[in-house]
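As structure tokens, the structure follows; a few thoughts come after it.
In this document, chain identifiers A, B, C and D correspond to the written order of the chains, with residue numbering beginning at 1 in each.
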Amino acid sequence: MEQLTTIGLNHYLTISAFLLGFGLFAVMTRKNAIVILMGVELILNAANINFLAFSKYNGGMEGVMFALFIIVIAAAEAAIALAIVINIFKIFKSVDVSTVDTMKE
Amino acid sequence: MHSLIQLSIVVLLLPLLSFVILIFFNRRLPRRGDFIGLGILGTAFGISAYIFWSVIVQAYDPAFRIAWDFTWIDLGNVPGVGPLQIKMGVVIDNLTAIMLAMVTLISLLVHLYSTGYMAGDKNYGRYFAFLGIFTFSMLGIVLSDNLFSIYIFWELVGLSSYLLIGFFFEKDSAADAQKKAFLANRVGDIGMWLGILILYSQFHTFSFEQIYANLAAGNFGLSNAWLTAAGILLFMGCVGKSAQFPLHVWLPDAMEGPTPVSALIHAATMVAAGVYFVARIFIMLTPDALHVIAFIGACTAFMAATIAITQNDIKRVLAYSTVSQLGYMVLGLGVGAYSAALFHLVTHAFFKACLFLGSGAIIHAMHHEQDMRWMGGLRKHMPWTFATFTLATLALAGLPLTSGFLSKDAILAGAIGFAKVEGGGIYYLIPVLGFFSAMLTAFYMGRQIWLVFFGDSRTHLKPADTSHQAHHAHDTHATHADAHHSTHAVHEVSWNMRAPLVILAALSIYAVYSPDPLDGAKGWFMKMIPTPATVVGAANPQKGALLTSNAPLHLASVVPSSETAAPALAATPVAAEHAVATAEHGEAKGGHIYSDPRQAEIVHAGHAAHFTAIYISSIMVALGIIMAFVVYVFKIIDPEKTARLIRPLYLFSLNKWYWDEIYDATVIKGSMALAKMLSWFDAKVVDGMVNGVALLVKKFAFLNDSFDKHVVDGMVNFTAFTVNTTGAVLRKLQTGKVQTYVVMLLLAVFGYFIFYFTRLIY
Amino acid sequence: MLSLIVFLPIIAGLVILAVPSSQKQIIRIVSLLAALAQGVLAVLIWKGYNPALPGITAGPGGSPLGSFQFVEKVPWISLHLGGFGSLNIEYFLGVDGISVTMVILTALVSAIGVLSSWTIQKQVKGYFILYNLLASAMMGCFVALDFFLFYVFWEIMLLPMYFLIGIWGGPNREYAAIKFFLYTLFGSVFMLLVMIALYFSVLDPVTGNHTFSLVAMATQSNYIKDAILGPDNVMWRYVAFIVLFIGFAIKVPMFPFHTWLPDAHVEAPTPISVILAGVLLKLGTYGMIRINFPLFPEVFHASMYVIGIFGAINIIYGALCALAQQDLKKMVAYSSISHMGYVLLGLSAGNSEGMVGALYQMFNHGTITAMLFLLVGVIYDRAHTRQIDKFGGLASYMPVYAAVVTVAWFASLGLPGLSGFISEALVFVGAFSSPTTRYIAMVSVLGIVFGAAYLLWSLQRMFLGTRKADAAYDLQIGTDGHEHIHFHDWKGKIDLDGRELAMLVPLLLITLFLGIYPMPVLGMLTSSINKLVQVLSPVVMSQM
Amino acid sequence: MSNPTYTVIFYLFAAITVCSAAFVVFTRNVIYSAFSLLFTFFGVAALYVFLSADFIAVTQVVVYVGGILVLLLFGVMFTNSIMNAKPKSDVLHVVPGTVLLIGIIGAMLYTFYTTHGWMPSETTLQGSIVERIGFETMSRYVLPFEMVSILLLAALIGAAFLARFDKPGK
């Protein structure tokens, strides 16, 4: 019970593990490119939680700074990814990634 | 630097300046710049005359010699030799001074003459440029103080001769002749070059002075045979340039060049360069080498004379007579009549130049007819030419009161003396051939004078079709085509062509050279150019000792023939020592002192034979002239019939002893065949070998290939098959969908998790 | 400085890479600028060169400084190979008298070559990139003092040459290119073996490591006594010398390894012929002087006789083959063989005169033969044939061309006043002064006559006389009433045009100037050659 | 830290985060997903506050909610017309996906709860860290900071370039 009531590192890690798992699941199973992107965002958030949690319980600033940069990069990534998605849509008339398999040839 | 040296360098460079100006700018100058060439040569002659005057006339010193040199190539501190430099330099001595004046004078006259003769030619300016470079090269030979620069100018003379012979290069015969001249000269030059190399390899210097000093000191490291070989090889340069047997063949063909060029180059100066060169190296020639030279000279004199009697082309007769006279000079040097040979060189230069220029005037007047058979009767039309031509002819034939008599007689006297000293026998062949040639000379020159100037004009007798005479030389001008043979009247040439004739003819009179019309040795020339002492005696102890044994006897009886009492050439310590020793002997007062006993003997014997020579040669010359009269004036003997009678001999002479044919069949055909063979060898055998190796490698490669195909490749194919099958299965996995790959990736990650934890647990 | 002069053309090549291939003029101008800059650098090197320093071997203390000049030495490749010890390759450049003349020659011929390449129309970009690569490699060969570096440049050179002949050549170009390539590769494979053997036999006196430095190799005391090429291993030293010599002899090219040369020349485009004859052939003899002789002086001394005989064969054989040729370019190619024979003969003399003559002959042959090939190119451009018999009487119609040809031809046959004479004369002086090669020199002088024969004969057939019936050109009466010459499809100037004169006149002036006053080149050579002769002399060797 | 209120609030936000994330993943409707993602981001932001990273939390809200989410919504609307009858998205690899989902989460949780080496140290971050972030950004992390700014610029241009409309006729 002590473990449940006293919020510690493992709690945050657990949440982040769930977010990561859901993110991966989205990336793996969804055909819609936008949902895949959302999954990626989830993964990134999971990583951020981890960074901040470790930072908190180690007393250093490194995790905080990393989290900050990750957010920035995530924003850039989202912009680029959406641009790509729009291009895919323009070319294939769909955001269904399973139709984007020209790499096979 | 001595002021005379400076002047001589100016004289040397002036014609070069003329060449440079004219070759580049002749088309932009008025009169194509001929006045530049003429003016420059005039200046050069003026300076040369001053040098001549101050060296010979004003203050004659038998040992006069000033030299100046500069480092041309510095090879640094050469291991085993020490500091080594190749120097270039200029030397002036008595002989140089005379030669300088002679060359520039004749060149000046030829320039003047050419302004008339070459007028209207399309390459008029270039002609004068070529004359300039020729004069430069010739002066270079004259002034050089070392073998290397002589060789350089020697080749340059060859080049200018090449350019001038081929001046009418559009004619195939001219192009052939120029090539032949250059190649024949080159053959001689490689001999000369080897001679130079022999000397250089021993002394590491090219300078005459140092070579002679070393030779006199006995520093020659090789055997005497090498020294003799060096002498003969150096003489080969002369054989080429002075057209001696067996390389004489180029000179008659060289008559393809413009006639004034023939006068300048192929009669007066360039061909004399060979003789001048032999004179320069005279003191290092061993007796054996001198014997070779004497025989070659005699052979040349005789052979050329026999050919000259049957030639019909006016210039060819003169060409062969030149070869013959050059033979005399070489003969003179060979027998040790040094002064006489050089004397003949000078006198011959003037009268032969006169003859060539005269023949040029005749050809010019006859509108480029060169065949004497179609001339005749020109005496009345061309009085100036006739007079000067005849005077020069008399000098050539060696009639008394002419310069030619003085010099030729001195040579023949020397030849008799030589034969006596050497002990007779085969050596008498040399004077005999000399006298016989003198007779032939008189005969063919008499023939020429008669055919050209006397009798009636035979222009109309010329066959209309002249194609069968294509091998005969004809000067061609741009105006040639519109000059029709017989319609134009023959006329005397203009003043600028006449003046040189007169000057040259005047220089053929005995009085210029000697007060005594019968003895050249009393003249200034032979007194001032005495025989120098040899330097090989010291290097040649056996022979020297042999001669020294009876030397005092002859030394004592050397005839005093000059007022000057000084050693001829005291350049070398040994020679000077000899000279002092002989001077102490006391009996040679007032005369030349010959440190070399052999030379002394020959000179002495030559003097003794002086009158013998005069008698014999006068008789021979008279015989020759009488024969010419008998045949051509009185027509007692019909030349045609005689020719038919001795047809083989006649043809032998007419075809120049078949030398051209012999060379063509052996040397030229041989070289070409060898070249063709080697070329074939190169393409088929050497290259064939290469290609054969390539083929072999190729064959081996094919063999390898079949092994490869069936064994190695079989294995490879099996592997490929396996891979192919596996691939066909596995490629199903490649869907092109990124998500599939993500799934697989994560499966792998998960698998690793499992693996890791299993490891951890167990 | 040296790095700059070596890599300048490569930089130009990179610049060209960025230029679109349609901009032909820009490509050409970039190449020309690089070549001119290289020339300027060569002049600077010439100005800054101190002729007193000898080179050849190391200076005081085993360092190249004080002996070589413009030295650049940095470690390049340093590999630890476990049991084999370590591999130390240096980027080591420097010049002495021998190389500095060649550097100048290379810069000169490269620039002339660029000008001559102006008429190349096919794939200009590729051509000039390869050309610049070639120029860099040639220059690198002459300044490399590390054997490995030398080998690298040597091999780099092959590749562009192969393509330049194989793509831009004549009708039979593939055959010629592959022949050239295989022949030279054959030689360099042996070179590689000897190089490695040398590496394991030599210690750098300064560092104590094995080294590829040619400077260290040139001092016999740096050899390990019992190593494969150490002084005790006489047989292997002979083998190494012979193998290395063959490698270089192929490049010279020496009889019987010469057959690639006429083919390559006939097929190669004019500028490549110029480079080939002007610079590449010199690499063979340069390699002998730089590597073969000073590394194995005692073997050289024992084989002087043989080298001399091969030199004589080259001289006479080449000249006679030239005499029989119908193709003008082939004739010039064989004349190259003949002239390179003089170099071999001079080297075989083993004395200063001969070696200075040989080096000077290398320089002069570079300039003169470049001129000859350019002149052949001029007439080939116009008439599209090189058959000597297809011409005749050209002197009347192309006077400037005829004059230049005459001077060039005479320079080639060794006329005094032109540079070829001095080098040939020095070669003969040297060869004759050495008792070993005296008789060989006596035979070789025949080459002078044969040389004159083929050159004058070709001159006569092409330029003198009148037009032949089956000539490669027609005669027309021009507007001024004179006869003019007309080539079938040649639109340009009949006589030499400005570009051709710009190529030929500098070479002519150099030939003339160096024929009258040779010291500017000889002065740079003498101290190095004297040092080399000292290194090679048996006296020094016996003190070893 | 056993403040019950604190604990309860933590669990509340943790639940919001995890549940909304699950909803994002499992709903078929893309628009629902997007809106659900909003809650996830808020939840995560709240968790950041718990982790004493208030500045990051604000950034999270501003960037993710204000930026990325809007962007995603635009993407959704742009590619799926609202009028479109089928705004749902299909799925694939459901079975391996589910297996892996459970597997990976399980493996991670297993790891977390069996590992003891990374238990918290004595010192923890306390109070506001805004000032420290500012200080760190301008000193130790100035180079990454600048690089990130350049990256952003590049991404901006790149995105604009990629997403631009081609002019008709080209």
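Convention: a residue touches a chain if its C-beta (ideal position, glycine included) is under 8 Å from a C-beta of that chain, and two chains touch if they have at least 3 such contacts.
Predicted, not measured: the structure shown is a model, and the values here were computed from it.
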item: Which of B-C and A-D has more C-beta pairs touching across its chains; value: A-D
item: Separation of mean Cα positions, chain C and chain A [Å, integer]; value: 68
item: Separation of mean Cα positions, chain C and chain B [Å, integer]; value: 35
item: Separation of chain A from chain D, taking each centre as the mean of its C-alpha atoms, in whole Å; value: 6
item: Cα-centroid distance, chain A relative to chain B, in whole angstrom; value: 102
item: Contacts with 2+ other chains: residues of chain D; value: 92-93, 96-97, 100, 104
item: Junction residues of chain C, two or more chains touched; value: none
item: Sequence positions of chain B contacting 2 or more other chains; value: 737, 739, 743, 746
item: Pairwise chain contacts, counting only pairs that touch as defined; value: A-B, A-D, B-C, B-D
item: Interfacial residue positions of chain D with respect to chain A in the complex; value: 1-2, 4, 6-7, 10, 14, 17-18, 21-22, 24-25, 30, 33-34, 37, 40-41, 44, 47-48, 50-53, 55-56, 59-60, 63-64, 67-68, 71-72, 74-76, 78-80, 89-94, 96-98, 100-102, 104-105, 108-109, 112-113, 118-125, 129, 132-133, 136-137, 141, 144, 148, 151-152, 155-156, 158-163
item: Chain B contact footprint on chain D (complex, rising order); value: 92-93, 96-97, 100, 103-104, 107, 110
item: Residues on chain B engaged by chain A in the complex (per definition of touch); value: 734-739, 742-743, 746
item: Interfacial residue positions of chain B with respect to chain C in the complex; value: 72-81, 84, 148, 151-153, 155-156, 159, 162, 166, 169-172, 174-176, 178-179, 182-183, 186-187, 189-190, 193-194, 197-198, 200-201, 204, 671-672, 674-676, 678-679, 682, 686-687, 689-690, 694
item: Partner chain D, residues of chain A touching it in the complex; value: 5-15, 17-26, 28-35, 37-39, 41-42, 45, 48-49, 52-59, 61, 64-65, 67-69, 71-80, 82-87, 89, 95-96, 98
